[in-house]
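Below you'll find a set of structures to go through.
Next, two complexes with chain A in common: one pairs it with chain B, the other with chain C.
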Partner chain A sequence: MSVTPPAQVPEAEEAYSLRTGAQELATGFLVPLAATLLAFLIGGLVVLLTGHNPITAYRAIFEGAGFNWPYEWLTGQDTRASGRDLQQTLRTATPLILSALAVAFSFRCGLFNIGGQGQYWVGFIFALLVGTHLEGLSRPLHVLLCVAAGILGGAFWGGIAGFLRATVGAHEVITTIMLNWIAIYGGKWLFELDGPLQGAAPSLPRSEIIFDSATLWIIWSPYLHAGFLIALLALVVYYVVLNRTTLGFEVRAVGFNAEAARYGGINVRKSYFLALAISGAFAGLAGTVDLLGVKYAVDQSDFDTNFVAFTAIAVALLGRNKAVGILLAGLLFAALSTGTSSRNLDPDVFEPALATDLATMIQALVIFFVGAELLIVYLWRGTRRYARLGRPPAEEPAPL
Partner chain B sequence: MIDRYRNFRTVAAVGIALGLAAFLLALPPFTIRTTIVPIVLGTGALALGLAALSQGERRLGGFAIGVGFLGTIGGLWAQGVDEDTLGAVLTGGLLASTLRFATPLAYAAMGGIFSERSGVVNIGLEGMMLIGAFFAVWGSVWSGSWVVGVATAMLSGGLLALVHAVFSIHLRADQIVSGFAVNLLALGLTGYLYSSIYPEGTTKGQVKRVPSLENAFDFLGWVPGSDLSLLVWLMFLVVILSYVVLFKTPIGLRIRSVGEHPRAADTVGISVYGIRYAAVITSGVLAALGGAFLSIGFTGRFTENMTGGRGYIALAAVIFGKWRPGWAFVATLLFGFGFALAIPLQREADISSNVISTLPYVLTLIAVAGVIGRSIPPAAVGRPYVKQ
Partner chain C sequence: MADDAPLLELKGITKRFPGVVANDRVDFDLRRGEVHALLGENGAGKSTLVNVLYGLYRPDEGEILINGKPVELGSPRDAIDLGIGMVHQHFMLIPVMTVAENIVLGVEPTREKVLLDEDAAEERVKQIARSFKFAIDPHARIENIGVGQQQRVEILKALFRGAEILILDEPTAVLTPQEALELFGILRTLTQEGMSVIFISHKLHEVLEIADRVTVLRRGKKIETLPREGATQEQLAKLMVGREVFLRVDKKPAEPGEPLLQVEDLHVLDQRGLPAVRGVSFEVRAGEIVGIAGVDGNGQTELIDALTGLTKVQNGVIRIAGNDITRDSTRERFDEGIGHIPEDRQRRGLILDFTLAENIGLHDYRNEPNSRFGWLRPGRLVTLARRLLKEFDVRGGGPTTLASSLSGGNQQKVVIAREVERDPRVLVAGQPTRGLDVGAIEFVHNRLVEERDEGRAVLLVSLELEEIMSLSDRILVIFGGEIVGEYGPDVTEEELGVAMTGGTREAVA
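After this line comes the complex of A and B, so read on.
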């Protein structure tokens, strides 16, 4: 996002400072923040229109997410309930953050990886295979092997899309979506009644349970497992790989301008493949920590109900594909989800069924407004004409 | 690169061979008594044939498609002679259910073509279908008439498309991101409205369904397939109209020029923004019709996320069909066939329905991987236009 200053003509200088100012504003945290607020505002309007009080609804969601825990803890109140809620939020945030990294990494390479869900499941299943076999290993070793298998599985599934993009140029949006459904139905087949990986109970379409030696450590009893630390570590890895390695530089260069990167001697195809494979690895890790820390086994119906990696796309967009942004956005979305779950939300205040959909709507609005940074900048600067603040026109087609 | 042409002759030839094998393997002396063999071979032949066809290998490719189709039917027929049910499934039933599965995809694909031909990527087809599916039910329950249901569906799809249009045309947001947000918004909005308006769900009697051809016009009862919903028949009309409008009228020329080179179109006095708005809204209206078919045309009810990824498959059909209505329609038929097969296969063969459910997706993957080499999108697709 470097902008070369034009010649020092006073007028141009003003235009330049205006534009860089807008860009700073846009790339900073203000746009996501404003987008979030705007989304909550519109979501509140919907709540109001359907005859509920938005403030009590939001307050109930906030408390359902356990965000009142620090306050209760500081004031020495009973924190058991809010602590559990907060743990659930952090636990929900874990796969969200990891899957969001899967979206973000390929985004930085100019690719839109919608296939996080498929990569999540393949990683999940690979880790499950290791977790339900190899009895008698020591716990750290078994966990490590499961994590490695999960990463490998996700990378494999993402790598297929990357390979197709790199070799025949198949559009990753289409291929990753198809791979999602193949993974979902494939998974349902594996664990169906009489399926190849169905567990010992003959009447239940579910897998075996992983050995105790493969489960992740609980770091905050009763819910929060060490997967949250893995997610934090992954954020650091994401930052370092992207910003401090040659690979990351190449990926970003391709994402910024593939043609220029190719001219500069970067192997664009290789970058495409690696970006999607690494993306898949993150999503596979998400599936793995979900298995080792929360689920321990998989039910056939999970494949129909678990769409965490789709939500994670919104997390990546809101977090602007930056490590810190993804962390905060992941926490926000996790809070929206636990805060509206039927267990945590008082049905007298707001029906959980409605609240879940409200959360989805807020998520959608957030993406809209983050995507349309121009709108936010426009609202922010009120009087200025937004057309002047736009990105430099990138619409010029190939020369005539 | 020089060998590409010859390569696809080989691809087509392999397709023909597969198609023949699909039939022959079911006959003596092989007599393989399982339905999966002709189906896998036959669909493989179809996919290869289509791949070759779109690469310019028209004659052999078309031949492979024909052979693949007939080979599958023949192969299934040969084994099912002694089973009466299979025979019944294969004659009219499979064709009709292929059409039923293809219809929503075809509507959405036509919409996608309009939008993308004008230079706006429309990932939001899925959401526009979904909102159409919901408002079709809402309109039909509210008014007691399916016509109103279809109309409200089209209106809602158009409005949602307008949101996408504003964000991607005037606000110059990333079109893929905006489209994705449309999907999520529709998912949340329809779910919210459905559970707050109909907490008990909807009953059969409340929802007025779109009548079939024979119910609407008694005297047409003799037409084969007249038990299909009117929306299926309308779909044929829409496909033909899409082709005519896009390729035989000045409006179509404008849409395509805006999608290929907006600056040039602007220079000769075409309103780039106007055309793009119109095209995106058209795509929303058509996609919503597809959604309306799903709810009041076929199942007679709305369920949360009932489109289940069909919008994305329609998008694949658009790319597969090289942004041309005719070919996109062929692609939707292929996917429809894949979905339709799952039903009789589940009953007749000892194959998990989950495995068969992956068939259309595997097919798409193969098709996209095989076809894309020369499937060139409109030049300006995905790029916001800044008027100067």
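After this line comes the complex of A and C, so read on.
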């Protein structure tokens, strides 16, 4: 048995400046950027191992994601192919960004919301119910009602976890995971053959299709729907609510230091409930725009294959729970996904099968490095300290 | 006792950290058999200097000599081998193991090279305890003995490893006055046996009591080394802070008005659900400071939490200016006129990741003009913060600086500014000067007296007897969750000390 002493610090103040310095560095763009670059670097080495040129491979993925569109557009080239690719990237990014906000908002309140997927589905189903009913409404009204229903559904599902946390102290990680599976299996039951919400086609485990009046406008033909604008708006709402409202003040206070928030007179339990409900609203909105803009209906099998809100946890992580960060991280993850899809990637450059694996690998590496950011910061500072001290502090034997 | 040839010499030690010179050509020497105190404010470089000596930091410049020979200290192991032992402020003991096991840890006597020889370990611990006249039970588990005893175990640990130079980092910070006296007794015995002690402190009266010589550090520089004889608190304080400091709080006699805080038969449970406050009744009137003295853990924290709504009241009544607030939430109590300077400013008083403006708005962010219809108006908070930071002379940052980057004293000023700004009727101050240095303590004390003179009722809960005695107009002693005595301001430290340890249980007036 050995005793590990607390880290030796010169003076209390020195320790603070070191800690805040590290935090500032970590919360800034530097670490996520470094993590991303590092992930691409290692991914490039793997590409090299498979006998391909990493630069041409990355370039193909870049173009597959449609990121060459602005260049082509500016230089007056034919932008049809790149435009479609970019639309797909933006469309994929939409639910990622919205679900990431569901993770981020809770996180700023000190909660880890793993329940985005369940909230996504409940929002989706609520919106579906409105979208498949109320025939004859004007399009703006019908869309608005669907969106409201989706937000409400997600908030309801997130709110359950929030309510449990606030009243009996049930940990949100456990409850949100359980609620995910309730939503997923509940959804499969609803739309199974002879299920309560199975559509008119008797042999298909599938819902009805929403009315045309409930579909989102296509803002850039053929793929990109108005849901992308909703996601952008949600980013603004996220920022404003957190930083410009008393509710956001309370959420941030609780997230940073719940004890001090309580001392300050803030109702911590209420903040927990609201944070998870608002998170749920974002995730429910993600499900809604997927329904109204892309899917128009749901297959029973979708519940087994769609895990967008889990990927979104990584997006929130990489985006450091900041609005701009989430936008960029959402675009990156979406680009990796569309850029390596067999439709978009030139198979002569890099086999899409390999590329899809590469995308997954890069995503995983990014998450790993972002997760290890404190380690990176520590190593960075540590080496500088090493240079001063002649040895890293970690190797100091325990005194006595 | 002290022999004049230095046993240890530090010459021209310079240690730089990014942005600060923690030690700037500091000279220090230690003679055999003396207690040499290192005195300085927080951040003056005391800990850095002894960490250099203990091999935890390598100095950028300077040399260390032991018995006149230069030595290289690359790690604490080297320091231990050279007979240097250190007792940290936070003990490094394993709670579930016995005293003897903790002492021999890492240098255990063994049988067959693998088995711990418990008998031998115990025998050797007993032996060393006897030779230094330590009263300690080697079988006792660390978790079952008091803090003072634990500190002795730490000292024994160092002695067991052959230490002749003992570094004690703020050793009295965790002790009661009685325990501190016992520690001083131990230190005297040790120096008589030829040990030498480096005693780090920022408490002047202690230094004058135990040290043979005192070295004052200020902002990384050695200011002066002087013998205890002839040194005064005022002189040391001036050297420490660099300006004249008034240690005595200058105050007029209290002119108490009507009772603003009334507590009747208050019962509160602690976190484990055990009774912590048991039937406490008292009142604090406008324009007086009532001090609550007591050894840590006798219900003070629970009392404060109950007054401020942070924990449930089991039984009893709390009134603010006659209004029953017993069932009110924390926020309602703040609005009712309670101001609260919390015991732990970093855990509770401040949100370190918030800016100073946000911290100053911690209670009032939702009130006009700081917000309207749920919309925050950060500009208003910044304006308010700018005014308060100036008024309270907070240094080291502006309204948008993060609270974490301020020093302890300035952080406390922010807390006090926030609480006083709300013009409370009752100000509850829990250990308001904990961890602060002389200059900041002076500020806090004067401010509390000012608040009293403004006509507020001030309840001061502190573990520092000196603080209680110099500020309070009336003193209540809490022991085992009960008020066991009430005294006027001219009570002696001895009387209070006896009451604090349960020696008297006289009826409360």
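Following the convention adopted for this analysis, the second predicted complex is superposed on the first by the 347 of 400 C-alpha atoms of A that agree within 3 Å, B and C clash if a C-alpha of one lies under 4 Å from a C-alpha of the other, contacts with A are read in each partner's own complex, and residues count from 1 in each chain.
To be clear about the criterion, contacts are C-beta pairs under 8 Å (C-beta built on N, C-alpha and C of every residue); 3 or more make two chains touch, one makes a residue touch a chain.
This structure is a prediction, so every number in the text was calculated from the model and none was measured.
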item: Contacts of A:Ala364 with chain B and chain C, given as first, second, both or neither; value: first
item: Contacts of A:Ala260 with chain B and chain C, given as first, second, both or neither; value: second
item: Touched partner set for A:Ala149, first chain B, second chain C, both or neither; value: neither
item: Which of chain B and chain C A:Val251 touches, first, second, both or neither; value: neither
item: Residues of chain A touched, compared between chain B and chain C (which is higher); value: B
item: First (chain B), second (chain C), both or neither touched by A:Leu90; value: neither
item: Partner chain in contact with A:Gly195 - chain B first, chain C second, else both or neither; value: first
item: Footprint overlap on chain A, comparing chain B with chain C; value: 390-391, 396-398, 400
item: Touch list for chain B against partner chain A, complex; value: 123, 163, 167, 171-174, 176-178, 180-189, 191-192, 195-196, 260-264, 309, 312, 315-316, 319, 352, 354-355, 357-358, 361-362, 364-365, 368-370, 372-373, 379-380, 383-386
item: Interfacial residue positions of chain C with respect to chain A in the complex; value: 15-17, 19-20, 22, 42-43, 45, 47-48, 51, 54, 56-58, 60, 74-77, 79-80, 85-86, 88, 90, 92-94, 105-106, 157-158, 161, 308, 310, 329-331, 334, 340, 342, 347-354, 358, 361-363, 365-366, 371, 374-376, 378, 402, 404-405, 407-408, 435
item: Chain A residues within the chain B interface of the complex; value: 46, 50, 112, 114, 164, 168-171, 173-175, 177-182, 185-186, 188-189, 192, 195, 313-314, 317, 351, 353-354, 356-365, 367-368, 370-375, 387, 390-391, 393-398, 400
item: Chain A residues touching chain C - in the complex, by the definition given at the top; value: 1-3, 5-6, 8-14, 16-17, 19-20, 23, 243-249, 252-253, 256-257, 259-267, 388-391, 396-400
